[in-house]
Amino acid sequence: MMTSFLDVGELAQHIQAAYPDSVEEQTASHLWIKPPLIADVCRFLKEDPELKLEFLNSISAVDYIDHFEVVYLMTSFEFNHSTFLRTRVPGRGEPEVPSVIEIWPGADYQEREIWDLMGVRFEGHPNMKRILLWEGFPGHPLRKDFQDAVEY
Amino acid sequence: MPIRTEPITVNIGPQHPSTHGVFRLRVTFDGEMIVDVEPIFGYLHRGTEKLAEERNYTQIVTLTDRLDYVASMTNNQAYCLAVERLMGIEVPIRGQYLRVMAAELQRIASHLVATGFLLQDLGALGTPLMYCFRERERILDLFEMLCGARITVSYMRPGGVYYDAPEDFWPALDRFLDYMPSYLDELEQLLAENEIILVRVRNVGNLPLDRLIACSASGPILRASGLAWDWRKADPYDVYDGLEFDVPVGTNGDNLDRFWVRMQEMRQSLRIVRQCVEQMPPGPVRAELPLVLRPPKGAESYGRVESPKGELGFYLISDGGISPYRCKIRSPSLLNLTMIKDLLIGWKLADMIVNLGSIDINMGEVDR
Amino acid sequence: MNCSIGPDSLFHDNVLYRHIYNAIGEFIPSSLCWLDHIISGFLIILILVNGVLLGAALYVWLERRVLGRMQNRLGPNRWGPFGLLQPIADLVKLLTKEDLVPQGADRIAFLMVPIVVVFPLIAGLAVVPIARNTFLADLNIGVLYLVAITGLSTLGIFMAGWSSGNRYAMFGAMRGVAMLISYEIPTVLSMVGIVLLAGSMSLVDVVNAQHLPFIVVQPLGILVFLLGISAELNRTPFDIVEAESELVAGYHTEYSGIKFALVQMAEFGGVVAASAVASTLFLGGWSGPFLSGQLGALWFLMKLGFFVFLFIWIRATFPRLRIDQIMAFAWKFLFPLSLINIFATTLQVYWLRDDTGALSRGDLGLMAAINIPLALVTS
Amino acid sequence: MYGLGLAKGLMITLKNLTRKPFTIQYPEERVSQHPRFRGEEFGWYEERCTGCASCAKYCPLGIIKIVTSPSGTAKPQGDKYNLEVFDIDIGRCMFCGLCVEACPYDALFMGSGFERGRYARSELVIGIDELRQAEKRPSTWFRPQLENAGYSPHDGPPLSWKEVGREQNRWHQHEKSGARINRADIGEGRSSSAES
């Protein structure tokens, strides 16, 4: 028995039914949700009896120069399926995404880590401060335009 | 009349005998009772994810060794799985068996360390720890035979393992497999019936299952709370599909259950290794691959294994170059630490150390 | 002024003292016999202090070796035959270390601690007889004196924790005070049974009264005594005062150099002292078959070694209890047990003693027959 | 009866008291070292090395420094480059063995030593002269030909460059017979890497 990945088309329809106009873009394998709605969609996916994606495997962020992409991977223990959910946040400043900590407390450290290393803020996170680096560290090292210090 | 008391804040770590690495906890005590905990980490942050963006796909294997340094084999395996999925590489069957065998030996080694340190934290002055390390030494010896290193093994490569095991490895492994169960019996005898240990671990540090799932916890602590979820069963990788083993499950989710689950998993791992030795077919161990790998542009993959600490995943994104565009490491230790407030608040100082030991974190993996 | 140690002299029974006194008397005119007494006294103290130091050093070596072997290691084996000189090397190392006093420390109390913890240990050993008529002092309140003077070490532990200005040390000290005071009670009560049996508080009399080792007459007593004393010595499973994995080193976290050496010495010497007291009270000290007279010291050493090994063995095997469990153990288990023991012993002594108050071997055997099943049932 | 578990524990420790210690007294006794052990003092065979710097490129830490210059000798004989610098900074080396894996000519081997305590980091750099003069006890890591020959680096004799080659390669036969390596025999594509 392998963990199956949900079909993106069906998933998108399912989400659209509950949150119309929440899907930003979808391809054969990828599904992008509009950033302001991501937390709501996540809550829906977790509580929906047909999906029951109750376990958040990981949250990661990717820097695509012109935008950041936050990737959620979640799994249902009951149906043994998982899905990726993505959201694009444009801008190089400190873009904001709604936090999912209310839905999955397990997002706590990962969101802090993303803020620390990637510079994406999570709105609604109660303790949004650096986790691995020290306060006052210049910049966010996982960004592609981060310059290494000349000397350590 | 109640006595006026003040909470007292103590810094435990980064250098403390039982924080399992450079881990710092700012703990507020009311007498001996813990009222607040604030974990602070980052003392071992080496920027593995950033470094990975500047290394080619094979070189990153050496970085993964250093994540969870008591379980390098499983780290290698998770990363190699991710790269193989990224490129669509088929690993030769013998290579898969060798990987599973090495990973299971590593699981025993890692659980031995976890058990030993749990008992060290209980205050057993190193005796069980020494016994555990003595046995771990035998496993590390096997690893040295296999790949020339004991801790930072770099044994696996995308597409298999670097090389087949030497001939004298198999008799040595047989000896180990014959010997190990008797040692586990002895360890259980020393510990499992000891009244002092039982009163210290039974019904201490209970973790409710729903909270664990919400907190993204995985691995033995999830199973100790009653959910039989093992990625080796749920999402079999390599040859786990064809191997027989049980997933031990606890009921209470207390320290005793976590300890018991680890003990049982060691026995199951021995079973898996034995099956691997019996079933292993001859053949190549590594897919024919160029020295420098170039996955297709835009490909992405998530490779995960059930590491001794939980779900270890590598999320790789390729931009068509020789190094990944993004390499995210989903480390079980960090996510298991999310539970720390549930685990520690309300318990006593002495329990705090044991609870922390029972979830078996590794700072190399937490800080990456 | 009568200077000779005659039959009615205070020192007549003390062979050790008499020998030293007479040996020195050869060089000192009889008119200055008070000087002889003073010099002999000093020599006795010198023997005592150095004996304790040597015993502690040997014990440290033994503990490390035995612990090592129990953990499949070797223990110190480089310096001297079997590593016997290792404690000396350690001492030299500690002596040459920088002597730190933390900034936040209460200086005077901090510096006094090593003296406060070492003193009761040395003073307490003075009343323990080593062989027939060989002891440093024979006090008629020996047991009481022992209890009183060893209780002082609690003060040292609290002073150390309080004055260090370190929170770990403070935790250790608070735990120490709570635990040590609780365990003092069952320990003392377990000695009462011995006193009842011997009819005297003098340790010399206690040994003389042991026609049968009191361990068989007082099985509950030895159980309570050993558990209580290992708590007072901060040994596993009661070592919450130091609790290496929790409190780094507990009350002596801030001690370094020679002060650390003294604190450690008090601790390890304490085990030797406790073993000496236990073998005197419960195993009959120097008395035993085959070896008599001054050779009884060998019996004494063997019994001492047995208890020392027992302490090391327990330390190698057991983890530590939590503070509330330890307190519960003291009050709910040891305390009632020691009361039962006293009650039973009192009744037995009342019915069995003869006119002089002494107990014969047969009487003791009868009591053992009653007490051993009692111990098995109650514990 | 309360305490039986404790007694069992005590018996286990007592049993271990009588066992032989597991410790190995290092300077006097040694652990039997396995042939694949990846150690320091790399076995470098200058006769084989073309200065292609594959090892330097493949090293995850970039600690191998190679400087070459044109040798000026005849091209057909293959001596295209002189090696001037071949530094391995083993103070930063993590002994992953990827350099050995990358070497196309079997010129670099892992060593088998592990006793290189020094007082300064600068003394940890192995230079070209040291590599030349070192007693070569190559590890069998990624060198199956050594393993098949049953060679043990720990107690075997030092090996010369003629003895460590790859049996299956045609040019190795040439080597054994004493001839200089003929690049044409090695096969196509290989020589191009030497130029980079």
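Descriptive notes on the structure:
Just so it is clear, A, B, C and D label the chains in written order, and each chain counts residues from 1 on its own.
Quick note on the criterion: a residue touches a chain if its C-beta (ideal position, glycine included) is under 8 Å from a C-beta of that chain, and two chains touch if they have at least 3 such contacts.
None of these values were measured; they are calculated from a predicted model.
Where touching is counted per the definition, the chains common to subunit B and subunit D are C.
Steps from subunit A to subunit C, minimised over paths through touching chains, total 2. Ranking all chains by how far their C-alpha centres lie from the centre of subunit B, first place goes to C.
Centre to centre, using the average C-alpha position, subunit B and subunit C are separated by 46 Å. Look at where the CA atoms of subunit A average out and do the same for subunit B: the two points lie 25 Å apart. Chain centres here are Cα averages; for subunit A and subunit D they lie 45 Å apart. Each chain gets a centre from the mean of its Cα atoms; for subunit C and subunit D, those two points are 59 Å apart. For subunit D, residues touching at least two other chains, in rising order: 2-3, 6, 9, 12-13, 16, 22.
The residues of subunit C that reach two or more other chains are 70-73, 316-318, listed in rising order. Shown for subunit B are the residues that touch two or more other chains, namely 127, 131, 134, 190, 194, 196.
Applying the touch definition to all chain combinations yields A-B, B-C, B-D, C-D.
For subunit D in complex with subunit C, the touching residues are 2-3, 6, 9-10, 12-14, 16-17, 19-23, 25. The touching residues of subunit C, when paired with subunit B in their complex, are 67, 70-73, 167-168, 170-171, 175, 236-237, 239-240, 243-248, 315-325. Contact residues of subunit B toward subunit C in the complex are 8, 10, 16-18, 32, 119-127, 130-131, 134, 190, 194, 196-197, 199-200, 348-351, 353. Contact residues of subunit B toward subunit D in the complex are 55, 58-59, 61-63, 65, 127, 131, 134, 137, 141, 144-149, 152, 154, 162-163, 166, 186, 189-191, 193-196, 198, 291. Against subunit B, the residues of subunit A that register as touching in their complex are 1-3, 54-58, 60, 62-63, 71, 73, 77, 80, 84, 104-110, 113, 117, 130-134, 141-142, 146.
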